[in-house]
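This report refers to the structure that appears directly beneath it.
For clarity, chains are labelled A, B and C in written order, and residue numbers in each chain start from 1.
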Amino acid sequence: MRNADHQPAAGSRRRLAAIVDAIVTSCREAVIDGEGDAPFPSRRQVVEIVGHLLELLLPGRPVDHELVDSDSLEQEVRRRASLLVDMLSMQISVSLRHGCMNGGRPCEECHKLGQEQAITFLGRIPHLRKVLLGDIKAAFDRDPAAKCLEEVVLSYPGLVAIAIYRMAHELWLLEVPFIPRMMTEHAHAMTGIDIHPGAVIGSNFFIDHGTGVVIGETTEIGDDVTIYQGVTLGGYRFRTTADGALERGYKRHPTVRDNVIIYASATILGGDTVIGARSVIGGSVWLTHSVPADAVVTIEEPDLKYKVGY
Amino acid sequence: MRNADHQPAAGSRRRLAAIVDAIVTSCREAVIDGEGDAPFPSRRQVVEIVGHLLELLLPGRPVDHELVDSDSLEQEVRRRASLLVDMLSMQISVSLRHGCMNGGRPCEECHKLGQEQAITFLGRIPHLRKVLLGDIKAAFDRDPAAKCLEEVVLSYPGLVAIAIYRMAHELWLLEVPFIPRMMTEHAHAMTGIDIHPGAVIGSNFFIDHGTGVVIGETTEIGDDVTIYQGVTLGGYRFRTTADGALERGYKRHPTVRDNVIIYASATILGGDTVIGARSVIGGSVWLTHSVPADAVVTIEEPDLKYKVGY
Amino acid sequence: MRNADHQPAAGSRRRLAAIVDAIVTSCREAVIDGEGDAPFPSRRQVVEIVGHLLELLLPGRPVDHELVDSDSLEQEVRRRASLLVDMLSMQISVSLRHGCMNGGRPCEECHKLGQEQAITFLGRIPHLRKVLLGDIKAAFDRDPAAKCLEEVVLSYPGLVAIAIYRMAHELWLLEVPFIPRMMTEHAHAMTGIDIHPGAVIGSNFFIDHGTGVVIGETTEIGDDVTIYQGVTLGGYRFRTTADGALERGYKRHPTVRDNVIIYASATILGGDTVIGARSVIGGSVWLTHSVPADAVVTIEEPDLKYKVGY
């Protein structure tokens, strides 16, 4: 196939030119924002930031820049921290300037505030490393398939999702717009685990397998909780305002107390639903009301009608 | 560890050489196609094409090439459109030439047809931008966690899956082989949402969370439909021909009318199953027959046998 | 926005410097391993290795290095095999040296053993190609949406997950630490299908759609088995030792005999659970005990209480 073959005929070229003009026009017309030229934060940059943060955050030696020896560790950490403060400052500034959650703030403050928030956030890393150490030990203690702590760091998607959620939650507490959710959606894409950055989650949290887990914005989870794949902690019958629009911001998702275990594909819904401490929720259970402490909630094994020689 | 250490011993080298010969032989023998040397379309190229298309397609300013100002927008759009027509022409030509779905077509036409189809497809982008604007607004209107339209564009995986499905469906209508399914499987890999490019889906479609959603090839979905994570719109008891092989191509998946809501993990199966307009299908419902308009279908909360102090 | 704007004020710079010192300290203190300076295997390298292996492994011509003609195929295969033996040797050596599963082994043997295991593993590729050919044909024979064998290779995530599992299982049999699980977790991230490398799976295996599938470490699956999205073959009521710690290593996951079909979201649990040959397990069934050969196990369609005009 020669290159000359690739030239479209004159008719095609004219058709293409008209189409490209139409695309340009539509990129100017079919837009969602009436807020001037403020650019969006960059998904690509946010993904890169998350990558660097995971290197700094996961207890154990930094995992993915290969074969770092102990001498060069400090140098490597300093390099990444310096890179991160620049990248984060920029993306937070852009997010603030876009103004979505911050209507009233004067724009010239966005840059300075972005830098301050990036630095404040990095200040939380030593604390987050300790919290993640608890999450890693929880995974090892509760999964008979885990051979050692290192295996959890190297291959447990639940740990990645929890690590990214814990970072995103810190930015959420700082009221950084967009970026916390972009971070947890990157975790969702990598792991199938969808934790809203607004959720509040205690220490020693373990999610096994994890695909299909959904933890909503106003969920509260205590310490030492275990969750399996497919569990939803979600909303139920949303409230609407007088004009029919959705109400936003009120508590819509459940509260789960300390030491609860929730098995695969259980669905727990509603902002008034509280799962008492030490309760066990069985696989595939569907719950929209509270259960007391120390409860064991299971569905009965269905009355199976299997037929031999069907 | 010095480099010299890496040289395998002579015995190992001989063993390796024999193994590589065996791999080469097996790459010639254990193959699936008896169709000559026609190459496959490239997954890597298809992924790159999808990336460029998403930049052109999502309402709001192009998202991921950072900080484009309004002046350079036109230039950027033209650059991408030109790149896309070349990449798409090539991949469509390769797909057509492979001939899977196009047995009878003379090979020399593939190149020209590839170019024509790529141009025709690009001509649909302005329309698709408008349709996606409706999908974005639907997400904001129906999810209390959404803070603004921009947040939907930046962080909703359902929107990415729907955007890629809508592009793939246009190529499906043009009868382009391979590439539509490769596109939607890329979306599936990114989002956990598996929409077959052959499905027909109306406007203002919203998928929340989305992990585990499956929408089969012959599904029909009306306007203003909402679907949550884990929903399957699937086939049920496939037909076989007299010789025991599967029948292909007949309607095997459900029809969902306008304004239906289907909650998490509901399973709806069968080509004769119709969900009437404005119906609500509750979480975890399992349905293989039709329900009328305005129906509310829920499972009863299981008769829970929880035991305090178990 | 000029570059000068990016310089933090002196106060911020001092605050940042103190924070970076604290991060460096915490990277030395909050660590999980007391095993000296042995580095971890690299996730990035493992992902790259899997990419090269998939090119060699999938029947049909190598897929993703574009438009390889038959003449250059041999050259390309040799190049990749040579690259693979180096990369794999290195990562296996690092894994062995880390010692997690290999406490007693003297460290100087790790490098040589790594090389031997990498070569032995590559020697399995011709066999794996034949096995995968069976998996590809199974997908085509059992999915009415499949148009041809090539479509399976190009766009079925189940095939990718099975191919990576089959490679990882070979390394598992060689008792390579870490890397088998890192490989299958990469497959999990790409496909939502979580197959533990320790599972034993027969020929002609087909997983359709696949998101949310979990197949545990001690699962045994016969020949000609079909599994749909959301199926769990998992553990049930883990045993603990006298001191309350989990028992590890005993058979905790089900046995599935030849020719079984398991439909979407069925959950089958427990090491004593055996699904007899040719049985059909319906969607959403929850099973913790054995069923005989030729059984058909379904849940009854729930007694739906739908209300028109609710």
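Keep this in mind: a residue touches a chain if its C-beta (ideal position, glycine included) is under 8 Å from a C-beta of that chain, and two chains touch if they have at least 3 such contacts.
Quantities reported herein were computed from a predicted structural model and do not represent experimental measurements.
> For the two copies chain A and chain B, what rotation in degrees overlays their C-alpha atoms? Round to the nearest 5.
About 120 degrees of rotation relates the two copies.
> How would you label the chain A and chain C contact, same or different, if same means the shared numbers make up over half of all numbers there?
different
> Averaging over Cα atoms per chain, report the distance between chain A and chain C in Å.
About 22 Å, centre to centre.
> Which residues of chain C are in contact with two or more other chains?
Touching at least two other chains: 192, 211-212, 230, 265, 284, 299.
> Enumerate the contact residues on chain C facing chain A in the complex.
Per the stated touch rule, the residues are 1, 5-6, 8, 12, 15-16, 19-20, 22-28, 30-33, 37, 39-45, 94, 98, 100-101, 177-178, 181-182, 185, 188-189, 192, 194, 196, 198, 211-212, 214, 216-217, 230, 232, 234-235, 238, 245-249, 252, 265, 267, 269, 279-280, 284-289, 291-300.
> Which residues, counting only chain A, touch chain C once they are in their complex?
56, 59-64, 66-70, 73-74, 77-78, 81-82, 85-86, 89-90, 111, 115-116, 119, 122-123, 125-126, 129-130, 132-133, 136, 141-151, 153-157, 190-192, 209, 211-212, 229-230, 264-265, 283-284, 299, 301-302, 304-310
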